[in-house]
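Take a look at the structures listed below.
In what follows, subunit A forms one complex with subunit B and a second complex with subunit C.
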Partner chain A sequence: MQWYDNKENNSEKEMTVKIRFFARFRELLGTDIVIDVAAATMFTHLITTIARKNPEGYAAIFDENGTFHEFVILMKNGKRIELTDAATTPVADGDEIAVFPPVAGG
Partner chain B sequence: MIAIQTSDVDIGALIAAAKEHGTGAVVVFDGIVRDDEITEMELEAYEEVAVKELKKIAGEATRQFGLLHVDIIHRIGRLVVGENILIIVVSAGHRKEAYAGSRFIIEEIKKGVPIWKKELTRDGGRWVPGDHGHGKGYH
Partner chain C sequence: MFSERELERYKRQMMLFGEEGQERLKKAHIFIAGAGGLGSPISIYLAVAGVGTITIVDMDVVDLTNLNRQVLHFDRDIGKKKTASAEDKLQALNPDITVNAIDVKIDESNAVKLVGKADGIVDAMDNFKTRYLLNNAAIANEIPFFHGGIRGFYGQATTIIPGTTPCLKCIFPKAPPKEVFPVVGVTPGIIGTIQANEVIKYLIGSGELLTNRLFIWDGMQAHAEELGVERNPACEACSGMTTKKTTARKK
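Moving on to the complex of A and B:
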(Lines of atoms letter the chains of each structure in order from A and count residues from 1; the text may use other names and numbers.)
(Lines give C-alpha, C1' and ligand atoms only; values in the text may rest on other atoms or scores of the structure.)
Protein backbone atom coordinates (compact mmCIF):
# COMPACT_ATOMS: atom_id res chain seq x y z
CA MET A 1 0.00 0.00 0.00
CA GLN A 2 1.26 3.38 -0.96
CA TRP A 3 1.12 5.03 2.43
CA TYR A 4 2.95 2.13 3.99
CA ASP A 5 6.09 2.34 1.83
CA ASN A 6 9.17 0.43 2.84
CA LYS A 7 11.54 2.76 4.62
CA GLU A 8 14.41 2.01 2.23
CA ASN A 9 12.28 3.05 -0.74
CA ASN A 10 11.11 6.20 0.86
CA SER A 11 13.47 9.12 0.79
CA GLU A 12 11.12 11.13 2.99
CA LYS A 13 11.10 10.55 6.73
CA GLU A 14 8.29 8.32 7.93
CA MET A 15 5.93 9.55 10.57
CA THR A 16 3.84 7.90 13.24
CA VAL A 17 0.22 8.89 13.75
CA LYS A 18 -2.63 7.57 15.86
CA ILE A 19 -6.17 7.10 14.56
CA ARG A 20 -9.06 6.97 16.98
CA PHE A 21 -12.51 5.87 15.87
CA PHE A 22 -15.49 6.28 18.17
CA ALA A 23 -18.94 4.74 18.68
CA ARG A 24 -20.15 2.70 15.68
CA PHE A 25 -16.98 3.44 13.73
CA ARG A 26 -14.91 2.03 16.61
CA GLU A 27 -16.97 -1.15 16.70
CA LEU A 28 -16.36 -1.69 13.00
CA LEU A 29 -12.76 -0.56 12.64
CA GLY A 30 -11.12 -0.65 16.07
CA THR A 31 -9.41 2.31 17.69
CA ASP A 32 -6.09 3.69 18.88
CA ILE A 33 -4.48 2.46 15.68
CA VAL A 34 -0.85 3.55 15.68
CA ILE A 35 0.64 3.49 12.22
CA ASP A 36 3.69 4.65 10.29
CA VAL A 37 2.86 6.74 7.26
CA ALA A 38 4.91 8.32 4.51
CA ALA A 39 5.44 12.06 4.61
CA ALA A 40 2.76 14.11 2.86
CA THR A 41 0.07 11.48 3.40
CA MET A 42 -3.30 13.23 3.28
CA PHE A 43 -6.10 12.72 5.80
CA THR A 44 -8.60 11.27 3.37
CA HIS A 45 -6.08 8.85 1.92
CA LEU A 46 -5.06 7.56 5.33
CA ILE A 47 -8.61 7.12 6.61
CA THR A 48 -9.73 5.51 3.35
CA THR A 49 -6.94 2.97 3.52
CA ILE A 50 -7.64 2.02 7.12
CA ALA A 51 -11.42 1.89 6.62
CA ARG A 52 -11.04 -0.51 3.68
CA LYS A 53 -10.09 -3.32 6.05
CA ASN A 54 -13.78 -3.71 6.82
CA PRO A 55 -16.38 -3.09 4.07
CA GLU A 56 -19.05 -2.28 6.62
CA GLY A 57 -16.73 0.17 8.35
CA TYR A 58 -15.85 1.75 5.02
CA ALA A 59 -19.53 2.10 4.09
CA ALA A 60 -20.25 3.71 7.47
CA ILE A 61 -17.77 6.51 6.72
CA PHE A 62 -17.72 6.85 2.92
CA ASP A 63 -20.39 6.84 0.22
CA GLU A 64 -20.22 4.81 -3.00
CA ASN A 65 -18.09 7.52 -4.63
CA GLY A 66 -15.50 7.34 -1.89
CA THR A 67 -16.57 10.69 -0.43
CA PHE A 68 -17.05 11.16 3.29
CA HIS A 69 -20.69 10.96 4.40
CA GLU A 70 -21.60 14.52 5.30
CA PHE A 71 -22.27 13.61 8.94
CA VAL A 72 -18.75 12.32 9.60
CA ILE A 73 -16.65 14.46 11.94
CA LEU A 74 -12.86 14.60 11.68
CA MET A 75 -10.42 15.98 14.20
CA LYS A 76 -6.71 16.54 14.25
CA ASN A 77 -5.28 16.84 17.75
CA GLY A 78 -8.70 17.75 19.12
CA LYS A 79 -9.51 20.39 16.47
CA ARG A 80 -12.04 20.03 13.67
CA ILE A 81 -10.89 19.42 10.12
CA GLU A 82 -13.51 20.21 7.49
CA LEU A 83 -14.37 17.23 5.30
CA THR A 84 -13.75 19.35 2.22
CA ASP A 85 -10.19 20.06 3.39
CA ALA A 86 -9.31 16.49 4.37
CA ALA A 87 -8.10 15.44 0.91
CA THR A 88 -5.52 18.22 0.88
CA THR A 89 -4.57 18.29 4.57
CA PRO A 90 -1.40 16.30 5.29
CA VAL A 91 -0.94 14.45 8.56
CA ALA A 92 2.11 15.31 10.66
CA ASP A 93 4.31 13.19 12.87
CA GLY A 94 2.63 12.52 16.23
CA ASP A 95 -0.83 13.60 15.09
CA GLU A 96 -3.88 12.15 16.76
CA ILE A 97 -6.66 11.79 14.22
CA ALA A 98 -10.22 11.22 15.38
CA VAL A 99 -13.11 10.05 13.20
CA PHE A 100 -16.61 9.86 14.58
CA PRO A 101 -20.35 10.01 13.88
CA PRO A 102 -22.68 12.78 15.14
CA VAL A 103 -22.56 13.14 18.89
CA ALA A 104 -25.41 12.04 21.14
CA GLY A 105 -24.49 12.97 24.69
CA GLY A 106 -26.66 14.48 27.40
CA MET B 1 -16.59 20.44 38.99
CA ILE B 2 -16.45 19.51 35.32
CA ALA B 3 -15.94 15.80 34.76
CA ILE B 4 -16.51 12.74 32.64
CA GLN B 5 -16.50 9.70 34.86
CA THR B 6 -17.97 6.26 35.39
CA SER B 7 -19.02 6.80 38.98
CA ASP B 8 -22.16 8.56 40.21
CA VAL B 9 -22.12 11.76 42.26
CA ASP B 10 -23.76 13.00 45.43
CA ILE B 11 -26.17 15.59 44.05
CA GLY B 12 -27.00 16.86 47.54
CA ALA B 13 -23.34 17.65 48.17
CA LEU B 14 -23.12 19.45 44.81
CA ILE B 15 -26.15 21.60 45.69
CA ALA B 16 -24.63 22.50 49.06
CA ALA B 17 -21.35 23.47 47.37
CA ALA B 18 -23.15 25.52 44.71
CA LYS B 19 -24.57 27.95 47.29
CA GLU B 20 -21.95 30.60 46.75
CA HIS B 21 -22.28 34.01 48.36
CA GLY B 22 -25.13 35.83 46.61
CA THR B 23 -26.98 32.68 45.50
CA GLY B 24 -30.74 33.04 45.25
CA ALA B 25 -31.45 29.97 43.11
CA VAL B 26 -29.91 26.61 42.33
CA VAL B 27 -31.15 24.63 39.32
CA VAL B 28 -30.34 20.93 38.97
CA PHE B 29 -30.70 19.04 35.71
CA ASP B 30 -30.48 15.28 36.10
CA GLY B 31 -30.58 13.28 32.87
CA ILE B 32 -31.58 9.67 33.53
CA VAL B 33 -31.51 6.38 31.62
CA ARG B 34 -35.13 5.99 30.50
CA ASP B 35 -36.91 2.67 30.33
CA ASP B 36 -37.29 2.46 26.54
CA GLU B 37 -37.40 -1.33 26.62
CA ILE B 38 -33.66 -1.42 27.03
CA THR B 39 -31.59 -3.47 29.40
CA GLU B 40 -28.70 -1.04 29.79
CA MET B 41 -27.09 1.95 28.17
CA GLU B 42 -23.45 2.18 27.20
CA LEU B 43 -21.83 5.58 26.98
CA GLU B 44 -18.57 6.47 25.33
CA ALA B 45 -16.66 9.76 25.10
CA TYR B 46 -13.65 11.26 23.39
CA GLU B 47 -12.69 12.27 26.89
CA GLU B 48 -9.91 14.81 26.39
CA VAL B 49 -11.92 16.77 23.87
CA ALA B 50 -15.22 16.34 25.69
CA VAL B 51 -13.86 17.74 28.97
CA LYS B 52 -12.41 20.74 27.12
CA GLU B 53 -15.77 21.35 25.43
CA LEU B 54 -17.66 21.06 28.73
CA LYS B 55 -15.31 23.62 30.32
CA LYS B 56 -15.84 25.95 27.38
CA ILE B 57 -19.64 25.60 27.71
CA ALA B 58 -19.49 26.22 31.47
CA GLY B 59 -17.41 29.36 30.90
CA GLU B 60 -19.77 30.63 28.24
CA ALA B 61 -22.83 29.99 30.44
CA THR B 62 -21.18 31.77 33.36
CA ARG B 63 -20.46 34.83 31.19
CA GLN B 64 -23.84 34.93 29.46
CA PHE B 65 -26.06 34.36 32.47
CA GLY B 66 -23.94 35.61 35.37
CA LEU B 67 -23.86 32.20 37.03
CA LEU B 68 -22.12 31.91 40.37
CA HIS B 69 -21.32 28.21 40.18
CA VAL B 70 -21.44 25.46 37.53
CA ASP B 71 -21.02 21.70 37.85
CA ILE B 72 -21.27 19.36 34.87
CA ILE B 73 -20.74 15.65 35.40
CA HIS B 74 -21.33 13.35 32.44
CA ARG B 75 -21.11 9.66 33.13
CA ILE B 76 -19.74 7.03 30.75
CA GLY B 77 -19.63 3.25 30.81
CA ARG B 78 -22.60 0.96 31.37
CA LEU B 79 -25.63 2.36 33.13
CA VAL B 80 -28.93 0.70 33.95
CA VAL B 81 -32.43 2.16 33.74
CA GLY B 82 -32.92 4.84 36.38
CA GLU B 83 -29.25 5.75 36.75
CA ASN B 84 -27.98 9.30 36.37
CA ILE B 85 -26.31 10.07 33.03
CA LEU B 86 -25.72 13.79 33.24
CA ILE B 87 -25.89 16.12 36.21
CA ILE B 88 -25.80 19.89 35.77
CA VAL B 89 -25.91 22.10 38.85
CA VAL B 90 -25.91 25.86 38.46
CA SER B 91 -26.41 28.69 40.88
CA ALA B 92 -27.26 32.31 40.25
CA GLY B 93 -28.66 35.32 42.08
CA HIS B 94 -32.12 34.75 40.62
CA ARG B 95 -34.15 31.87 39.16
CA LYS B 96 -34.35 33.35 35.67
CA GLU B 97 -30.59 33.26 35.14
CA ALA B 98 -30.26 29.87 36.83
CA TYR B 99 -32.91 28.26 34.60
CA ALA B 100 -31.58 29.90 31.44
CA GLY B 101 -27.99 28.96 32.23
CA SER B 102 -28.92 25.34 32.92
CA ARG B 103 -30.93 25.14 29.70
CA PHE B 104 -28.09 26.68 27.70
CA ILE B 105 -25.62 24.11 29.05
CA ILE B 106 -27.71 21.04 28.20
CA GLU B 107 -28.52 22.29 24.71
CA GLU B 108 -24.84 23.03 23.98
CA ILE B 109 -23.83 19.58 25.22
CA LYS B 110 -26.36 17.99 22.85
CA LYS B 111 -24.98 20.02 19.96
CA GLY B 112 -21.31 19.32 20.08
CA VAL B 113 -19.65 17.40 22.92
CA PRO B 114 -18.17 14.12 21.63
CA ILE B 115 -20.16 11.61 23.66
CA TRP B 116 -22.20 8.72 22.27
CA LYS B 117 -24.87 6.42 23.68
CA LYS B 118 -25.72 2.88 22.77
CA GLU B 119 -28.98 1.39 23.96
CA LEU B 120 -28.53 -2.26 24.80
CA THR B 121 -31.55 -4.47 24.26
CA ARG B 122 -32.27 -8.18 24.47
CA ASP B 123 -31.67 -8.38 20.72
CA GLY B 124 -28.37 -6.53 20.71
CA GLY B 125 -27.98 -2.80 20.67
CA ARG B 126 -28.49 0.39 18.73
CA TRP B 127 -26.50 3.62 18.73
CA VAL B 128 -28.64 6.60 19.57
CA PRO B 129 -28.58 8.78 16.45
CA GLY B 130 -26.89 12.09 17.07
CA ASP B 131 -28.20 15.44 16.03
CA HIS B 132 -26.56 15.93 12.65
CA GLY B 133 -25.58 19.53 13.18
CA HIS B 134 -22.20 18.67 11.74
CA GLY B 135 -20.39 19.25 14.99
CA LYS B 136 -21.27 22.91 14.98
CA GLY B 137 -20.27 23.11 18.62
CA TYR B 138 -16.62 22.69 17.73
CA HIS B 139 -14.23 25.51 17.00
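Moving on to the complex of A and C:
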Protein backbone atom coordinates (compact mmCIF):
# COMPACT_ATOMS: atom_id res chain seq x y z
CA MET A 1 0.00 0.00 0.00
CA GLN A 2 2.97 2.24 0.53
CA TRP A 3 3.61 2.12 -3.17
CA TYR A 4 0.07 3.21 -3.87
CA ASP A 5 0.32 6.09 -1.40
CA ASN A 6 3.47 7.30 -3.10
CA LYS A 7 1.73 7.23 -6.40
CA GLU A 8 -1.04 9.42 -5.05
CA ASN A 9 1.16 12.41 -5.80
CA ASN A 10 1.75 11.34 -9.34
CA SER A 11 -0.30 13.60 -11.60
CA GLU A 12 -1.05 10.80 -14.09
CA LYS A 13 -2.26 8.47 -11.35
CA GLU A 14 -2.04 5.48 -13.61
CA MET A 15 -2.49 2.14 -11.96
CA THR A 16 -1.87 -1.47 -12.87
CA VAL A 17 -4.43 -4.16 -12.20
CA LYS A 18 -4.65 -7.82 -13.10
CA ILE A 19 -7.82 -9.48 -14.33
CA ARG A 20 -8.29 -13.19 -14.07
CA PHE A 21 -11.09 -14.92 -15.91
CA PHE A 22 -12.13 -18.47 -15.13
CA ALA A 23 -13.83 -21.38 -16.93
CA ARG A 24 -15.91 -20.33 -19.97
CA PHE A 25 -14.90 -16.70 -19.53
CA ARG A 26 -11.27 -17.75 -19.74
CA GLU A 27 -11.83 -19.68 -22.95
CA LEU A 28 -13.33 -16.61 -24.55
CA LEU A 29 -11.23 -13.81 -23.09
CA GLY A 30 -7.97 -15.30 -21.87
CA THR A 31 -6.68 -14.71 -18.37
CA ASP A 32 -4.06 -12.98 -16.27
CA ILE A 33 -4.59 -9.77 -18.19
CA VAL A 34 -2.38 -7.05 -16.77
CA ILE A 35 -3.58 -3.62 -17.71
CA ASP A 36 -2.83 0.01 -16.87
CA VAL A 37 -5.91 1.99 -15.96
CA ALA A 38 -6.59 5.58 -14.99
CA ALA A 39 -7.39 6.42 -11.40
CA ALA A 40 -11.05 6.14 -10.43
CA THR A 41 -11.76 3.48 -13.05
CA MET A 42 -14.81 1.56 -11.92
CA PHE A 43 -15.05 -2.23 -11.92
CA THR A 44 -17.87 -2.50 -14.41
CA HIS A 45 -16.17 -0.12 -16.81
CA LEU A 46 -12.89 -2.04 -16.65
CA ILE A 47 -14.44 -5.44 -17.21
CA THR A 48 -16.70 -4.10 -19.96
CA THR A 49 -13.68 -2.68 -21.78
CA ILE A 50 -11.77 -5.94 -21.64
CA ALA A 51 -14.75 -8.13 -22.48
CA ARG A 52 -15.54 -6.08 -25.59
CA LYS A 53 -12.54 -7.55 -27.38
CA ASN A 54 -14.62 -10.67 -27.98
CA PRO A 55 -18.39 -10.30 -28.57
CA GLU A 56 -18.99 -13.85 -27.40
CA GLY A 57 -16.99 -13.20 -24.25
CA TYR A 58 -18.90 -9.99 -23.66
CA ALA A 59 -22.24 -11.79 -24.10
CA ALA A 60 -21.13 -14.48 -21.65
CA ILE A 61 -20.64 -11.87 -18.91
CA PHE A 62 -23.09 -9.09 -19.75
CA ASP A 63 -26.69 -8.99 -20.93
CA GLU A 64 -27.97 -6.83 -23.79
CA ASN A 65 -28.33 -3.85 -21.44
CA GLY A 66 -24.69 -4.05 -20.46
CA THR A 67 -25.56 -5.37 -17.00
CA PHE A 68 -23.69 -8.31 -15.48
CA HIS A 69 -25.53 -11.62 -15.77
CA GLU A 70 -26.79 -12.29 -12.27
CA PHE A 71 -24.73 -15.47 -11.83
CA VAL A 72 -21.36 -13.79 -12.49
CA ILE A 73 -19.02 -13.75 -9.48
CA LEU A 74 -16.67 -10.80 -9.03
CA MET A 75 -13.82 -10.78 -6.58
CA LYS A 76 -11.20 -8.24 -5.71
CA ASN A 77 -8.15 -9.55 -3.90
CA GLY A 78 -10.17 -12.53 -2.70
CA LYS A 79 -13.12 -10.47 -1.47
CA ARG A 80 -16.46 -10.52 -3.19
CA ILE A 81 -17.76 -7.41 -4.92
CA GLU A 82 -21.53 -7.34 -5.21
CA LEU A 83 -22.65 -6.93 -8.81
CA THR A 84 -24.86 -4.03 -7.78
CA ASP A 85 -21.81 -2.20 -6.38
CA ALA A 86 -19.46 -2.89 -9.29
CA ALA A 87 -20.38 0.20 -11.29
CA THR A 88 -19.47 2.47 -8.37
CA THR A 89 -16.50 0.56 -6.95
CA PRO A 90 -13.16 1.91 -8.16
CA VAL A 91 -10.22 -0.39 -8.75
CA ALA A 92 -6.97 0.32 -6.93
CA ASP A 93 -3.38 -0.09 -7.98
CA GLY A 94 -2.21 -3.68 -7.67
CA ASP A 95 -5.72 -5.12 -7.47
CA GLU A 96 -6.21 -8.68 -8.59
CA ILE A 97 -9.68 -9.08 -9.99
CA ALA A 98 -11.35 -12.45 -10.52
CA VAL A 99 -14.38 -12.88 -12.76
CA PHE A 100 -16.01 -16.27 -12.98
CA PRO A 101 -19.17 -18.24 -13.58
CA PRO A 102 -20.25 -21.15 -11.40
CA VAL A 103 -19.77 -24.38 -13.33
CA ALA A 104 -22.98 -26.32 -13.01
CA GLY A 105 -22.40 -29.71 -14.59
CA GLY A 106 -22.02 -32.97 -12.75
CA MET B 1 -15.81 -54.79 14.99
CA PHE B 2 -14.32 -55.89 11.73
CA SER B 3 -14.32 -59.29 10.12
CA GLU B 4 -11.00 -60.85 9.08
CA ARG B 5 -11.96 -60.02 5.51
CA GLU B 6 -12.50 -56.36 6.31
CA LEU B 7 -9.23 -56.11 8.20
CA GLU B 8 -7.50 -57.47 5.14
CA ARG B 9 -9.44 -55.30 2.70
CA TYR B 10 -8.65 -52.06 4.51
CA LYS B 11 -5.14 -52.99 5.62
CA ARG B 12 -3.33 -50.46 3.45
CA GLN B 13 -5.46 -47.50 4.49
CA MET B 14 -5.49 -48.47 8.15
CA MET B 15 -1.75 -47.82 7.90
CA LEU B 16 -2.87 -44.18 7.51
CA PHE B 17 -5.71 -43.78 9.98
CA GLY B 18 -5.79 -46.97 12.02
CA GLU B 19 -8.69 -49.20 13.00
CA GLU B 20 -10.27 -46.24 14.73
CA GLY B 21 -10.44 -44.26 11.49
CA GLN B 22 -11.78 -47.28 9.67
CA GLU B 23 -14.43 -47.70 12.34
CA ARG B 24 -15.52 -44.12 11.78
CA LEU B 25 -15.89 -44.79 8.06
CA LYS B 26 -17.85 -47.95 8.77
CA LYS B 27 -20.26 -46.19 11.10
CA ALA B 28 -20.86 -43.34 8.68
CA HIS B 29 -23.80 -42.79 6.40
CA ILE B 30 -23.14 -40.62 3.36
CA PHE B 31 -25.79 -39.32 1.01
CA ILE B 32 -24.69 -38.94 -2.62
CA ALA B 33 -27.03 -36.85 -4.73
CA GLY B 34 -26.58 -38.11 -8.28
CA ALA B 35 -25.14 -41.22 -9.92
CA GLY B 36 -23.68 -39.49 -12.97
CA GLY B 37 -20.28 -38.00 -13.82
CA LEU B 38 -19.42 -36.83 -10.31
CA GLY B 39 -21.50 -39.49 -8.55
CA SER B 40 -19.52 -42.27 -10.22
CA PRO B 41 -16.04 -41.58 -8.78
CA ILE B 42 -17.49 -40.30 -5.50
CA SER B 43 -19.52 -43.46 -4.87
CA ILE B 44 -16.81 -45.82 -6.13
CA TYR B 45 -14.12 -44.36 -3.88
CA LEU B 46 -16.36 -44.08 -0.83
CA ALA B 47 -17.54 -47.67 -1.34
CA VAL B 48 -14.06 -49.12 -1.61
CA ALA B 49 -12.88 -47.01 1.33
CA GLY B 50 -15.52 -48.74 3.45
CA VAL B 51 -18.06 -45.98 4.18
CA GLY B 52 -20.58 -48.19 5.96
CA THR B 53 -23.79 -46.87 4.45
CA ILE B 54 -24.09 -45.10 1.13
CA THR B 55 -27.38 -43.68 -0.07
CA ILE B 56 -27.25 -42.75 -3.74
CA VAL B 57 -30.14 -40.99 -5.45
CA ASP B 58 -30.79 -40.53 -9.14
CA MET B 59 -33.86 -40.41 -11.36
CA ASP B 60 -32.33 -41.15 -14.74
CA VAL B 61 -31.82 -44.11 -17.01
CA VAL B 62 -28.36 -44.92 -18.39
CA ASP B 63 -27.94 -43.41 -21.85
CA LEU B 64 -25.17 -44.06 -24.35
CA THR B 65 -24.15 -40.37 -24.18
CA ASN B 66 -23.44 -40.82 -20.42
CA LEU B 67 -20.74 -43.41 -20.92
CA ASN B 68 -17.83 -41.09 -21.74
CA ARG B 69 -17.77 -40.05 -18.09
CA GLN B 70 -20.18 -41.99 -15.90
CA VAL B 71 -17.82 -44.84 -15.18
CA LEU B 72 -20.20 -46.53 -12.77
CA HIS B 73 -22.35 -47.55 -15.72
CA PHE B 74 -21.32 -49.95 -18.45
CA ASP B 75 -22.37 -50.39 -22.05
CA ARG B 76 -24.58 -53.32 -21.02
CA ASP B 77 -26.49 -51.01 -18.65
CA ILE B 78 -27.94 -48.76 -21.35
CA GLY B 79 -31.65 -48.43 -20.68
CA LYS B 80 -31.32 -49.53 -17.04
CA LYS B 81 -32.10 -47.29 -14.11
CA LYS B 82 -28.91 -45.60 -12.90
CA THR B 83 -29.78 -46.52 -9.33
CA ALA B 84 -30.01 -50.25 -10.19
CA SER B 85 -26.72 -50.07 -12.09
CA ALA B 86 -25.07 -48.13 -9.26
CA GLU B 87 -26.23 -50.54 -6.59
CA ASP B 88 -24.94 -53.55 -8.56
CA LYS B 89 -21.50 -52.05 -9.10
CA LEU B 90 -21.01 -50.62 -5.63
CA GLN B 91 -22.04 -53.89 -3.94
CA ALA B 92 -19.79 -55.81 -6.31
CA LEU B 93 -16.89 -53.49 -5.43
CA ASN B 94 -17.54 -53.89 -1.72
CA PRO B 95 -20.08 -56.40 -0.40
CA ASP B 96 -19.23 -55.37 3.18
CA ILE B 97 -21.09 -52.06 2.98
CA THR B 98 -24.76 -51.16 2.70
CA VAL B 99 -25.94 -49.37 -0.43
CA ASN B 100 -29.36 -47.73 -0.62
CA ALA B 101 -30.08 -46.68 -4.17
CA ILE B 102 -33.18 -44.51 -4.47
CA ASP B 103 -34.79 -43.82 -7.82
CA VAL B 104 -36.46 -40.45 -7.28
CA LYS B 105 -36.23 -36.83 -8.30
CA ILE B 106 -34.94 -34.70 -5.44
CA ASP B 107 -37.33 -31.81 -4.90
CA GLU B 108 -38.39 -29.35 -2.27
CA SER B 109 -40.86 -31.75 -0.69
CA ASN B 110 -38.53 -34.70 -0.20
CA ALA B 111 -34.94 -33.38 0.09
CA VAL B 112 -34.67 -33.27 3.90
CA LYS B 113 -36.52 -36.56 4.30
CA LEU B 114 -34.32 -38.34 1.75
CA VAL B 115 -31.15 -37.13 3.47
CA GLY B 116 -32.56 -38.50 6.75
CA LYS B 117 -29.89 -39.17 9.34
CA ALA B 118 -26.97 -39.11 6.90
CA ASP B 119 -23.71 -37.68 8.24
CA GLY B 120 -23.00 -35.67 5.10
CA ILE B 121 -24.32 -34.81 1.66
CA VAL B 122 -22.18 -35.06 -1.44
CA ASP B 123 -23.17 -32.86 -4.36
CA ALA B 124 -23.08 -34.83 -7.59
CA MET B 125 -25.88 -32.91 -9.27
CA ASP B 126 -25.88 -31.30 -12.69
CA ASN B 127 -27.98 -28.25 -11.82
CA PHE B 128 -28.01 -25.48 -9.25
CA LYS B 129 -31.72 -25.70 -8.50
CA THR B 130 -31.27 -29.08 -6.80
CA ARG B 131 -27.94 -28.03 -5.32
CA TYR B 132 -29.69 -25.22 -3.46
CA LEU B 133 -32.21 -27.72 -2.05
CA LEU B 134 -29.37 -29.93 -0.84
CA ASN B 135 -27.61 -26.88 0.60
CA ASN B 136 -30.79 -26.13 2.56
CA ALA B 137 -31.04 -29.74 3.73
CA ALA B 138 -27.43 -29.61 4.95
CA ILE B 139 -28.18 -26.40 6.83
CA ALA B 140 -31.39 -27.84 8.33
CA ASN B 141 -29.61 -31.02 9.48
CA GLU B 142 -26.36 -29.25 10.37
CA ILE B 143 -24.28 -31.67 8.35
CA PRO B 144 -21.55 -30.92 5.81
CA PHE B 145 -22.23 -30.41 2.13
CA PHE B 146 -19.41 -31.41 -0.21
CA HIS B 147 -19.88 -29.33 -3.33
CA GLY B 148 -18.49 -30.07 -6.77
CA GLY B 149 -19.30 -28.78 -10.24
CA ILE B 150 -17.76 -29.30 -13.66
CA ARG B 151 -17.90 -28.08 -17.24
CA GLY B 152 -15.58 -29.04 -20.05
CA PHE B 153 -12.07 -29.21 -18.62
CA TYR B 154 -13.01 -26.94 -15.69
CA GLY B 155 -14.16 -27.86 -12.23
CA GLN B 156 -14.74 -26.42 -8.80
CA ALA B 157 -15.15 -27.86 -5.32
CA THR B 158 -15.57 -26.66 -1.76
CA THR B 159 -16.56 -28.14 1.57
CA ILE B 160 -19.43 -26.46 3.35
CA ILE B 161 -19.87 -26.78 7.10
CA PRO B 162 -23.16 -25.01 7.85
CA GLY B 163 -22.79 -22.26 10.42
CA THR B 164 -19.00 -22.21 10.03
CA THR B 165 -18.18 -21.75 6.37
CA PRO B 166 -19.98 -19.97 3.57
CA CYS B 167 -22.84 -22.05 2.21
CA LEU B 168 -23.46 -22.61 -1.49
CA LYS B 169 -25.80 -19.60 -1.61
CA CYS B 170 -23.15 -17.37 -0.01
CA ILE B 171 -20.68 -18.34 -2.75
CA PHE B 172 -23.06 -18.65 -5.69
CA PRO B 173 -26.20 -16.64 -4.96
CA LYS B 174 -27.61 -17.09 -8.47
CA ALA B 175 -27.67 -20.17 -10.66
CA PRO B 176 -26.17 -20.06 -14.15
CA PRO B 177 -28.56 -20.90 -16.99
CA LYS B 178 -29.23 -24.57 -17.70
CA GLU B 179 -27.39 -26.01 -20.68
CA VAL B 180 -26.22 -29.25 -22.20
CA PHE B 181 -22.69 -28.85 -20.93
CA PRO B 182 -19.62 -30.18 -22.70
CA VAL B 183 -17.55 -32.56 -20.61
CA VAL B 184 -14.78 -35.11 -20.83
CA GLY B 185 -14.77 -37.87 -18.21
CA VAL B 186 -11.47 -36.94 -16.58
CA THR B 187 -12.93 -33.67 -15.24
CA PRO B 188 -15.63 -35.22 -13.01
CA GLY B 189 -13.01 -37.88 -12.24
CA ILE B 190 -10.73 -35.23 -10.77
CA ILE B 191 -13.39 -33.18 -9.00
CA GLY B 192 -15.32 -36.23 -7.76
CA THR B 193 -12.23 -37.77 -6.18
CA ILE B 194 -11.49 -34.45 -4.47
CA GLN B 195 -15.01 -34.53 -3.02
CA ALA B 196 -14.57 -38.15 -1.88
CA ASN B 197 -11.22 -37.22 -0.34
CA GLU B 198 -12.98 -34.45 1.61
CA VAL B 199 -15.62 -36.88 2.88
CA ILE B 200 -12.96 -39.31 4.08
CA LYS B 201 -10.99 -36.58 5.89
CA TYR B 202 -14.15 -35.26 7.47
CA LEU B 203 -15.19 -38.71 8.69
CA ILE B 204 -11.83 -39.70 10.11
CA GLY B 205 -11.46 -36.22 11.62
CA SER B 206 -7.99 -35.45 10.22
CA GLY B 207 -6.39 -33.09 7.80
CA GLU B 208 -7.40 -29.69 6.56
CA LEU B 209 -10.77 -29.54 4.88
CA LEU B 210 -11.46 -27.50 1.76
CA THR B 211 -13.43 -25.03 3.85
CA ASN B 212 -13.67 -21.29 3.15
CA ARG B 213 -11.85 -21.99 -0.09
CA LEU B 214 -13.14 -22.59 -3.57
CA PHE B 215 -10.87 -25.04 -5.36
CA ILE B 216 -10.74 -24.29 -9.08
CA TRP B 217 -9.34 -26.72 -11.61
CA ASP B 218 -8.32 -25.87 -15.17
CA GLY B 219 -7.57 -29.17 -16.87
CA MET B 220 -6.37 -27.54 -20.08
CA GLN B 221 -3.60 -25.74 -18.22
CA ALA B 222 -3.20 -28.53 -15.63
CA HIS B 223 -3.50 -25.75 -13.12
CA ALA B 224 -5.31 -25.74 -9.80
CA GLU B 225 -5.88 -22.74 -7.61
CA GLU B 226 -8.13 -21.60 -4.85
CA LEU B 227 -10.09 -18.49 -4.07
CA GLY B 228 -10.92 -17.53 -0.52
CA VAL B 229 -14.68 -17.41 0.07
CA GLU B 230 -16.60 -15.81 2.92
CA ARG B 231 -20.00 -16.09 4.52
CA ASN B 232 -22.52 -13.55 3.34
CA PRO B 233 -24.06 -11.98 6.45
CA ALA B 234 -27.23 -11.38 4.43
CA CYS B 235 -27.34 -14.89 2.90
CA GLU B 236 -30.93 -15.99 2.45
CA ALA B 237 -30.02 -19.61 3.24
CA CYS B 238 -27.58 -19.55 6.18
CA SER B 239 -27.40 -16.06 7.68
CA GLY B 240 -29.43 -17.15 10.72
CA MET B 241 -26.86 -19.74 11.74
CA THR B 242 -24.35 -18.92 14.43
CA THR B 243 -20.68 -19.57 13.87
CA LYS B 244 -19.39 -22.81 15.27
CA LYS B 245 -15.85 -23.65 16.10
CA THR B 246 -15.68 -27.21 14.90
CA THR B 247 -14.63 -27.73 11.32
CA ALA B 248 -14.05 -31.45 11.43
CA ARG B 249 -16.16 -34.23 12.81
CA LYS B 250 -15.85 -34.61 16.56
CA LYS B 251 -13.65 -37.41 17.69
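Keep this in mind: the second predicted complex is superposed on the first by the 90 of 106 C-alpha atoms of A that agree within 3 Å, B and C clash if a C-alpha of one lies under 4 Å from a C-alpha of the other, contacts with A are read in each partner's own complex, and residues count from 1 in each chain.
Everything that follows uses one rule, which is that a contact is a pair of C-beta atoms (placed from the backbone, for glycine too) under 8 Å apart; a residue touches a chain by one contact, two chains touch by 3 or more.
Given the structure is predicted, the values throughout are model-derived calculations rather than measurements.
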When the two structures are superposed on subunit A, do subunit B and subunit C clash or fit side by side?
-> clash
Is A:Pro101 in contact with subunit B, with subunit C, with both, or with neither (first, second, both, neither)?
-> both
Is A:Val34 contacted by the first partner subunit B, the second partner subunit C, both or neither?
-> neither
Check whether A:Glu70 is in contact with subunit B, with subunit C, with both or with neither, and answer first, second, both or neither.
-> both
Touching A:Gly78 in the superposition: subunit B (first), subunit C (second), both, neither?
-> both
Is there a shared patch on subunit A that both subunit B and subunit C touch, and which residues make it up?
-> 22-24, 26, 70-71, 73, 75, 78-80, 98, 100-106
As the complex stands, subunit A meets subunit C at residues 22-24, 26-27, 69-71, 73, 75, 78-80, 98, 100-106
Given the complex, residues on subunit B that touch subunit A span 31, 43-46, 48-50, 52, 74, 85-86, 106, 109-118, 127-135, 138-139
Write out the stretch or stretches of subunit A touching subunit B in their complex.
-> 20, 22-24, 26, 70-71, 73, 75, 78-80, 98, 100-106
Note: in the complex, subunit C contacts subunit A through residues 34, 36-39, 123-128, 148-152, 154-156, 171-172, 174-179, 181, 183, 188, 216, 218, 227-230, 232
